[in-house]
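Across the two complexes that follow, subunit A remains constant while its partner is subunit B and subsequently subunit C.
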Partner chain A sequence: MKEKSLRPWLLLSPSLTAVFLLLVVPVCFVVVYSFWLRAPSGQDIPAFQLGNYAKFFADFFYPSIMLSTIRVAIETVFLCLVMGYIPAYFFYKTESKLKPFLMILVMLPFWISFIIRTLSWINILGDSGLINHVLMKMGFIHEPLAMLYNEGAVIMGLLQYLLPFMILNIYVSLDGIDKSLTEAAKSLGCTEWQAFKEITLPLSLPGVSAGCLLVFVLTCGTYLPPMILGGPGNEMIANLIFKRIIGTLDWPFGSAISTILMILLVIIVYTYNRYMGIGQIFKALSTD
Partner chain B sequence: MANDLGERLDNVYESYKEGKISRRDFVKYLGISGAALGLVGGPFGMIRQAMAAKSIRFDGWGGTVSEAFRKYAFKPFTDATGIKVIDGEFGNADSYLTRVKASYPPGGEYNLAHLSGVFDYKRYVDLGFDVVLDEDKIPNLKTVMPAIMKPYRAITNGKLSAVPYDYGLTTIAYNSKFISDDKAKKMGAALLWDKDLKGKLGSWTDWRTNIWYASLKTGQNPNDIKDIKAVWSALKEQRGLIKKYWGSGAEQMSLLANEEVYASIVWSGRVKTLQNQGHTHLKLLIPENAFSWQECIFVMKGTDLSAAHKLLNYMLAPECAFAIASGQSYPPSLDPRKVTVPGAVAGLPGFDATGTLNGYLFADPGYWNTHQLDWAEKWDRIMAGR
Partner chain C sequence: MKKIISGWTLIKIYTLLVYVWMFAPIIAVVILAFNPHQFGSFPMEGFSFKWFVKLSHNSSILAAFKNSLILGSLTAIFATAIGVPAAMAFIRYDFKGKDLINTLLIAPIMIPEVVLGVALLLFIRWLQQPKSFMLLLIGHVVLTLPYVLLIVQARLVGIRKEYEEAAMSLGASPFQTFREITFPLLAPAIFAGMLFSFTISFDDVTATLFWATAQNQTVPVKIFGMLRNSISPEINALGAVMIVLTVSTPLLAGFISRRFAKGKGK
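The block that comes next holds the complex of A and B.
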C-alpha cells in the first residue's frame, strides 16, 4: 500500500526536481535579491530592507509603465480573442480533409525563431516596407504611412506571437461540445445564430477564458516586440526590468520590479483558478 | 572542447557500428556526453576551463567586428600556437558585464573581452575582475600610442589589465539625399534637434551618448556638465522628434540603410561599413567634441596569463592589427609614428595620424560612472516620455 502511494511521487521526481532547481530556486534568488542593496560600483550588498519596493511605489514612473503594460496586454487579449475565435470556430465546424493541414498552419509560426518573426515586420510595416511600397506604387499614398515604431506595431508583433495560443485554447473547448446539442436547438426552432449564442458560445467560454489568461500573462512578460517594433514611449515592464538589471547593473531593484510583476500575475492566475479552474489551459496545451 | 567531444562521439559511433560496444552502451555514452555538454555550458564553466588547458575564451561585439577577429587573429593564432580561441559574442557591454557578474565564481568562465573604454575598464576594475599584465611578455605593446594607454594606467596604478586596441567615434550620420552637406555642417550636433526632420531622426538607447550630445547642444563640456536641467530639457524636446532609439549596431544600420531615419547617432565604423556596401549617400558628421571612445582587450581575473599574453601580443602585431582595423572599420591603437600605417587604415573615420589623440574628447570614467545610476534612470524616463 505504502509502495503504491510512493510510486506517483517517484515517477514525478525528475520533473519535480527540474521544476524545483530551474524555477523555484531561481525565483527564490530573485525575491532574496529584491531586498539587497546596490553599491555605486554595481556590486550587490546583502541586506534586508524594503527600499527597492518603496522606490517602485513612491515614484509614479514605475507604476505607470506597469499600467501601460496591463493596458497593452488587455488590448492584445481583446484582439487575439476577436481574431482567434473565428478560425477556432471554423476548425470546429469544418469537415474538410484539409483540417489537419490548417491546424498545422496555425502552429507553423512556432517553427520559426520569435526574433526573426518579430524582425520581419520591419520589412512589412517600414517606410520602405512591403505595404508602403505597394501603396505608393499604386498611387494611393504619396508619403509612407507611419506603421512602424509605435504601439500598433508592438501589438501586431504580439498578435503574431500569441494568436496560436488563443486559437488552440478556444478550439479545444469547442471541440469538446457535443454537436448534437446545436442540432437539437435548431430542430426546436433556433436559428443558426441563436444556437451559437445560446449553446456554443457559453460552452466555449472556459477555453476563451483560458486563452485570455495565457495571452495576458505572456504579454505582461514580453520583451522583444516593444524593443524591436516599439518607438519612444512604447516600452513595457519587461524592458524596464532589462534596463535595471543589464543597463545599470541594479539587480536588487530589477528583482523588486520582477517580484512585483510576479505577485500581480500570481494574483490574476489565482483568481482565475478560483473561478474558472486552471485545468482548461493544460487541456489546451496538451493538444499542442 | 566541442571539437574534442565531436571526435570522441565519432569514435564511439565507429565502435558501435563495428559492434565493439552494445547499443545500450552507445546510448548511455550519448546521454552522458549530452549531460556533460549541458554542464560545461552553464555554471560549471570552470570544469571546461580545467579540461581545456590549451584554450582561451574571447568575447566580442559580434557581426563584422567578430568576423574580423576570427579571420585575422584567432584562426592564424591557433594555427601558429595550438592554443584554441573560444569565440563568444555579446550584444552590448552592459549585458556582457551582467553575464560576467552572474558567472560562478564571478568572472571565472570568461578570459578576454573586447570592452569599451575607459568607463567599462573602470567598472570591471571596481568589481574586482582585473589582473596585472606582464608588459614584458607583450613586446608589441611598445608600438601602442602612449596617449591611449594613459587613462587605463591612471585607473590601475600605472599597471594594465587590458591592452588598448582600437578607437572610434559615436557621432552623427546623415543621408545626403535629404540633408545637404552645408546644412549638416552648419548645424553640427543641433542637427539632431532639427524640427524639419521630425519623425526621421534616430538615436541610441545609451544614456551616456544622449547626455553627451545634449550637453554639446546646450554649449556645455560633456565631462563637466554644469546645467544638467538644460540637458534634460533638450533631451525631452528631442524625444518628440525621434522615430526610434536603436539598440544594436545591426538595428542602427537597418534604420539608415532603409531610410527609416535621415539622421542619427551612429558608430562611425558601422557607417563606414554601410558606405563600403554602396550606401555612399550616408555621410558622417563629426562636430567639435564628438564622443570619442577607445576599446581595449580586457583580461579577466582567473585567466591563464601565459596564453593571454601570447594572444594579446599576436593581436597587436601590425599585420594583424591593421587587418582587423580594416575588417571592423575602426583605427587601431598602434602609434603611426612607430609603425607604417597602410592607406586603407589611414582612411578610416576618426583616424589620428599624429598618434597623440590631441583634440579627441573621451568620456571621463570617474565622472560618468559616478552619475550612472541617477542619470540612466532619468534618461529612461525621458525616453519613455514620462
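The block that comes next holds the complex of A and C.
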C-alpha cells in the first residue's frame, strides 16, 4: 500500500525538481537580491536595506512608468475585448463547414515568432509602409503620416500578440452554454438581441474575465513592443528591468523593479482568484 | 420596415475585418521578402529571391538557425520526458496537495518572462557559472513545461482508466501497462506537446535575450540584433523563412496524423 502512495510523487519528482530549482529558488533569489547594495566595483554586497525601493519611489520618474504600464495594459485589455468578443461569438454561432479552419487560423499566430509579429507592423505603419504608400498613391496625403514610435503603435503590437488569447477564452466560455436556453427564451417571445443580452452575455462573463486577466498580466510583462514599435516616451516597466540588468548591470535595482512588478501582478491575480477562480484560464489554454 | 443588413451579416463582416487586421502585417512580411528593392518597403519593384540567396550565404545566421534547431529539439525532448510522468500523476492518482502542485507547475505561464529571464540569470551568476547553451536549454524547458502538461493532461482525461486496470489485472506491471496501453493512446498528445514546446523554444525572444550570448544566438535573438539598424529586406526574408517553417510544422503534423488515422480506419 505504501508503495502505491509513493508512486505519484515518483512521477512528479523530475518536474517538481526542475520547477523548484529553476523557478522557485531563482525567483526567491530576485527578492533577496533586491535588498542588496550595489558597490561601485561591480561586486554586489549582501545587505538588508530598502535603498533600491527608495530609489524607485524617490521621484516621479519610475512610478510614472509603472502607471503608464498599467494604463497601456488597461487600454490593451479594452481593445482586445472589443475586437475579440464578436469573432468569438461568430465561432459559437456559425454552422459553417469552414469553422475548424477558421479556428486554426485564429491560433496560427501562436506559432509565429513574437518578434516577427511585432516587427511586421513596421511594414504597415512605417513612413514607407503599406498605409502611407496607399494614401500617398491615392493622393490623400503628400507627406507620410507618422504612425510609428508612439503608444498607438505599441498597442497595435500588443493586440496582435494578445488577441488570440482573448478570443479563445471567450469562445471556450460561450461554447459551454446550452443552446436550448436561448431557444427557450426566444420561444417565450424574446428577440435575438434580448436573448443575447439576458442569457448569452452573462453566461460568457467567466471567459471574458479570464481573457482580460491573461491579457493584462501578459501586457505588464512585455518589453518587445515598446522597444521595437515605441518611442522614447513609451517605455514600460519590463523595459526598465531589461535596461538595468542588461544595460547598466545594476542587479540589485533591477531585482527591486522585478519584485515590484511581481507584487503588482500577484495582487491582481490574487484578487481575481478570490472572486472568479483561476481554473477558467487553464481551461482555455488546454484547448488545442 | 425592412432591414437592409442583418445583425448576423454585420458580425460576419466584423470577424472578417479582424482576420484582415490580424494577418495583413504577416502577409506583408512574406510579400516584401520578395521585393528586390533595397529598403524592404512598398512599392514592390519586381519579384526576386535575391534576399533569400543573400541569407543563405550569411554564416552567422546559419549558425543561429542550427543553434535554434538543436535547442528546440532538445527542449521538446526534455520537456515531454519530465512533463508526461507529471501529467500521469495528476490524472491517475489522488494525493495531498494536488491542486497546489498543479498550480505550481503551471505557474511559469503566469510569471512574466522578463522576471523568469532575470531570475535564472541572477541565479546562474550567483553560482558563478558563465552563460552557456545549458542555461538556454534549462530555461526553455521551464518555459515550455506548462504547455506540455496542459496538452497531455487534457488528452489523458479522455483515456479511460479501465483499459489500464484491465491490463494490470491480467498481470502486466505498471511499466508494461504504460508501454503497451497508455503510451500508444497518448502518443498524439505527446507528439503535440513536443511540437508545441519546439515551436515555443524556436520562437522565444523575451527571456532568451537575457540568456543568449554572442556564441549562443538563436534566430529571434539574431533578428533582434539586426533590427537595431531599422528594418531591412533581409529581416523580411528571414521572417518569411521562420513563418513558413513554424506554421507548416503543425499543419503538416496534423495532416500526417489524419492520414494515419484514415489508413487505420480502412
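Rule of thumb we're sticking to: the second predicted complex is superposed on the first by the 275 of 288 C-alpha atoms of A that agree within 3 Å, B and C clash if a C-alpha of one lies under 4 Å from a C-alpha of the other, contacts with A are read in each partner's own complex, and residues count from 1 in each chain.
Everything that follows uses one rule, which is that a contact is a pair of C-beta atoms (placed from the backbone, for glycine too) under 8 Å apart; a residue touches a chain by one contact, two chains touch by 3 or more.
Here the structure is a predicted model, which means the values were calculated and not measured.
Asks: For the overlay on subunit A, clash or fit between subunit B and subunit C?
Replies: Once both complexes are aligned on subunit A, subunit B and subunit C clash.
Asks: Figure out whether A:F61 sits in contact with subunit B (first) or subunit C (second), or with both, or with neither.
Replies: first
Asks: Could you tell me if A:G176 is touching subunit B, subunit C, both of them or neither one (first, second, both, neither)?
Replies: After superposition on chain A, A:G176 lies in contact with neither partner.
Asks: Using the superposition on chain A described above, determine whether A:G51 touches subunit B (first), subunit C (second), both, or neither.
Replies: neither
Asks: For A:S255, using the defined touch cut-off, is the partner it touches subunit B, subunit C, both, or neither? Pick first, second, both or neither.
Replies: second
Asks: Per the overlay, which chain contacts more subunit A residues, subunit B or subunit C?
Replies: When the residues of subunit A touched by each partner are counted, C comes out ahead.
Asks: Go through the superposed model and pick first if A:L148 touches only subunit B, second if only subunit C, both, or neither.
Replies: In the superposition, A:L148 contacts subunit B only.
Asks: Touch check for A:P232: first (subunit B), second (subunit C), both, or neither?
Replies: first
Asks: Determine, under the contact definition given at the top, whether A:G221 touches first (subunit B), second (subunit C), both, or neither.
Replies: Only subunit C is touched by A:G221; subunit B is not.
Asks: Quick check on the superposed pair: does A:I245 touch subunit B, subunit C, both, or neither? Answer first, second, both or neither.
Replies: Touch status of A:I245: both partners.
Asks: Going by the contact rule set out at the top, does A:I116 touch subunit B (first), subunit C (second), both, or neither?
Replies: Touch partner of A:I116: subunit C, not subunit B.
Asks: For subunit C, which of the listed stretches 110-118, 128-136 or 236-244 runs into subunit B?
Replies: Stretch 128-136 of subunit C has C-alpha atoms clashing with subunit B.
Asks: Where on subunit A do the contacts from subunit B and from subunit C line up?
Replies: Of subunit A, residues 122, 126, 128, 228, 245-246 contact subunit B in one complex and subunit C in the other.
Asks: Sort out for me which residues of subunit B touch subunit A in the complex.
Replies: Its residues touching subunit A are 92, 94-95, 97-98, 101, 123, 126-127, 199, 207, 239, 242-245, 247, 251, 254, 258-260, 369-370, 372-373, 376-377, 380-381, 383-386.
Asks: How about subunit C: which of its residues touch subunit A in the complex?
Replies: Result: residues 7-8, 11-12, 14-15, 18-19, 21-26, 28-29, 32, 39-43, 81-83, 85-86, 88-89, 92-93, 95, 101, 103-116, 118-123, 125-126, 138-139, 141-142, 145, 147, 149-151, 153-154, 174, 192, 196, 199, 202-206, 209-210, 219-220, 223-224, 227, 231, 235-236, 239, 242-243, 246-247, 249-251 of subunit C touch subunit A.
Asks: For a test of understanding, state which residues of subunit A touch subunit C in their complex under the given definition.
Replies: Residue list for subunit A touching subunit C: 5, 7-9, 11-12, 14-16, 18-19, 22-27, 29-30, 33, 83-84, 86-87, 89-90, 93, 102, 104-106, 108-109, 111-117, 119-124, 126, 128-130, 133, 160, 163, 192-193, 217-218, 220-224, 228, 238, 241-242, 245-246, 251, 254-255, 258, 261-262, 265, 269, 278, 282, 285-288.
Asks: Enumerate the contact residues on subunit A facing subunit B in the complex.
Replies: 38, 40-43, 60-61, 64-65, 122, 126-128, 146, 148-149, 227-228, 231-233, 235, 240, 243, 245-250
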